[in-house]
């Protein structure tokens, strides 16, 4: 009995220390990489079973989620990425040296991006139809920033180009995948609720169109 | 007695959560800076007493010293700095090596590839003529990556070799066939629409792609 | 005046934006739009914009026509018997659907903006550079769009390339020798002499190129070829090419000669 326990204990300990070792390596890997890496990529590169990697990465995500951590490991664009937590932005900003200028997008650009995100692959005329304005506008800006990409031609008259969102889009907007976006129906319900509940004459949707885009906190440093 | 304990406990808890908050901020700060930061620098920036900062930083150093962490916070040159632990360097390096890099091309290589894609089959002198630069060194890079291939000789003086894009080229750019390549007209259309839509200039995201390549004399190979 | 937009004239991204704003500001039930009132307000906006010299795009005019059309259809009496057989769709229905669709995407855009605000407060500090081999070329991550854009840039550059401009750049004969050396290291030739000269950006560069060519011909590093009289002159690498550049002496000597 005692012997069995001891053996079990020894095995547990060796598994534990192996896990700790693997966790340390995964932490280091997530720390150094610039692009979110998928579990598959990591598992293949360090030759470990996918489910084991997934389990330990999830442990890391949970651990860093605790309030005593100022860093977080997040699932973004189908992979894992380390970054500072948004709630500490004021303290952190003072120390950010290589400040990449924040990506400023106008409301028309965001609208176009939203249409592409929800309707992809989508053609220029389809985008114009929804937005109600001529000019696919801002497509070039979105392409330049690699938020969207060409997605082949559509098999209709004129064979127009279609567009889709990219991995960079997911990264820039902190999305795990496209499924994480609320459905369009949810927006509709939101609109209806506002119509019923809101007593002020300005629902949120129109308010945003009037006021210049709110200054995001990351611009003045 | 009970009351005192409760008061003590409440105080402890509030200190604990304050400490956790401060620890999180310090973790984020140490992570984000590349130069080792001194306790004085940090204390001044976030307006906290030096000895408190020092105590919590030491806790962080100890915490990250545990074997389950692949990162460490170390005191270097009178300051604190986060880095990967030396014992995992081999594993991390091996990992980075195995990462399949996304298709990346230098600007000269991209220019040459663009000319070949749109003008194929095309000779070296023709490519140089269009690009306005000497040097066909990047052809080798493109050939090595199997993005282009030789396409027979042209029936002019010297019978120069011509080049064309390959199947791998189509795969890399997600094209079904060459007819899917956006035409220059479509591209210009985008630019034109852009002018109508977006009146305020936005900072370019991919500066590298826009800056002109170096002109002769000198080769870009 | 009945328009809620009297006091300040706002800029709208399109007619749908303007309509939505009119409807939402007045808490109008979007499923039962008082089309006459809205049409009047819409036209007032257009009028005001014209007075203030604000240019409205063609879609605003088209939408005005649509509104007027809907309004007139609603005024026309319908045959009650026909309605029983073939109930007509509310003339406003299509517009309402478009407005709702547009509004959904406006909300989606707002949601995206909120997500950006959060991401802008988050920083990452990847250290991968320390683990990459030094000879790895970081290069550009390339998309199809980059390819078109690059080609466009190359063509633009070719268009604007000044051929006979007198540059202020200080090109020297040794510079041109180095330039030619680069050319013939890539390509044994023949290279068109005319092409080489046309590529130069200044008179000075052309003269230096000419002198550099003479030097190389003298050293038997490069030879001149001509297929027929008055034909194109070609430049070709000769056997003496390697020898001419073997030591640094040749260049140094020429450099001295021209100083």
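Things to note:
Chains here go by letter, A, B and C, matching the order in which they are written, and residues are numbered from 1 within each.
FYI, a contact is a pair of C-beta atoms (placed from the backbone, for glycine too) under 8 Å apart; a residue touches a chain by one contact, two chains touch by 3 or more.
Because the structure is a prediction, the values reported are computed rather than measured.
With centres computed as the average of Cα coordinates, no chain lies farther from chain C than A.
When chain centres are taken as C-alpha averages, the shortest distance to the whole-protein C-alpha average belongs to B. The distance from the centre of chain A to the centre of chain C, with each centre set as the mean of the Cα atoms, comes to 27 Å. Averaged Cα coordinates give chain A a centre that lies 17 Å from the centre of chain B.
Centroid to centroid, with C-alpha atoms defining each point, chain B and chain C lie 22 Å apart. Counting partners per residue, chain C has 57, 123, 127-128, 131, 141, 143-145, 149 as the residues that reach two or more other chains. Along chain A, residues 31-32, 84-85, 92, 96, 103, 105, 108, 133-134, 143-144, 146, 149-150 each make contact with two or more other chains. Across the complex, chain C is touched by residues 31-34, 81-86, 89, 92, 96, 102-103, 105, 107-108, 110-111, 113-115, 117-118, 130-134, 143-144, 146, 149-150, 166, 172-175, 181-182, 184, 187-188, 190-191, 195, 201-206, 208-210, 213-214, 216-219 of chain A. Those residues of chain C that touch chain A in the complex are listed here as 10, 12-17, 20-21, 24-27, 29-30, 57-59, 63, 98, 100-113, 115-124, 126-128, 130-131, 141, 143-145, 149. Across the complex, chain B is touched by residues 17, 20-21, 23-29, 31-32, 35, 37, 41-42, 44-46, 67-71, 84-85, 88, 91-92, 94-97, 101, 103-106, 108-109, 124, 133-141, 143-146, 149-153, 159, 161 of chain A.
Chain C makes touch with chain B in their complex at residues 57, 123, 125, 127-128, 131-133, 136-155, 157-158, 161, 171, 175-176, 178-179, 182-183, 185-187, 190-192, 195, 199-201, 205, 227, 232, 234. By the touch criterion stated above, chain B contacts chain A in their complex at residues 17, 20-21, 23-29, 31-34, 37, 45-46, 67-71, 84-85, 88, 91-92, 94-96, 98-99, 102, 174-176, 179-180, 182, 186, 190-191, 193-194, 196-198, 200, 202-206.
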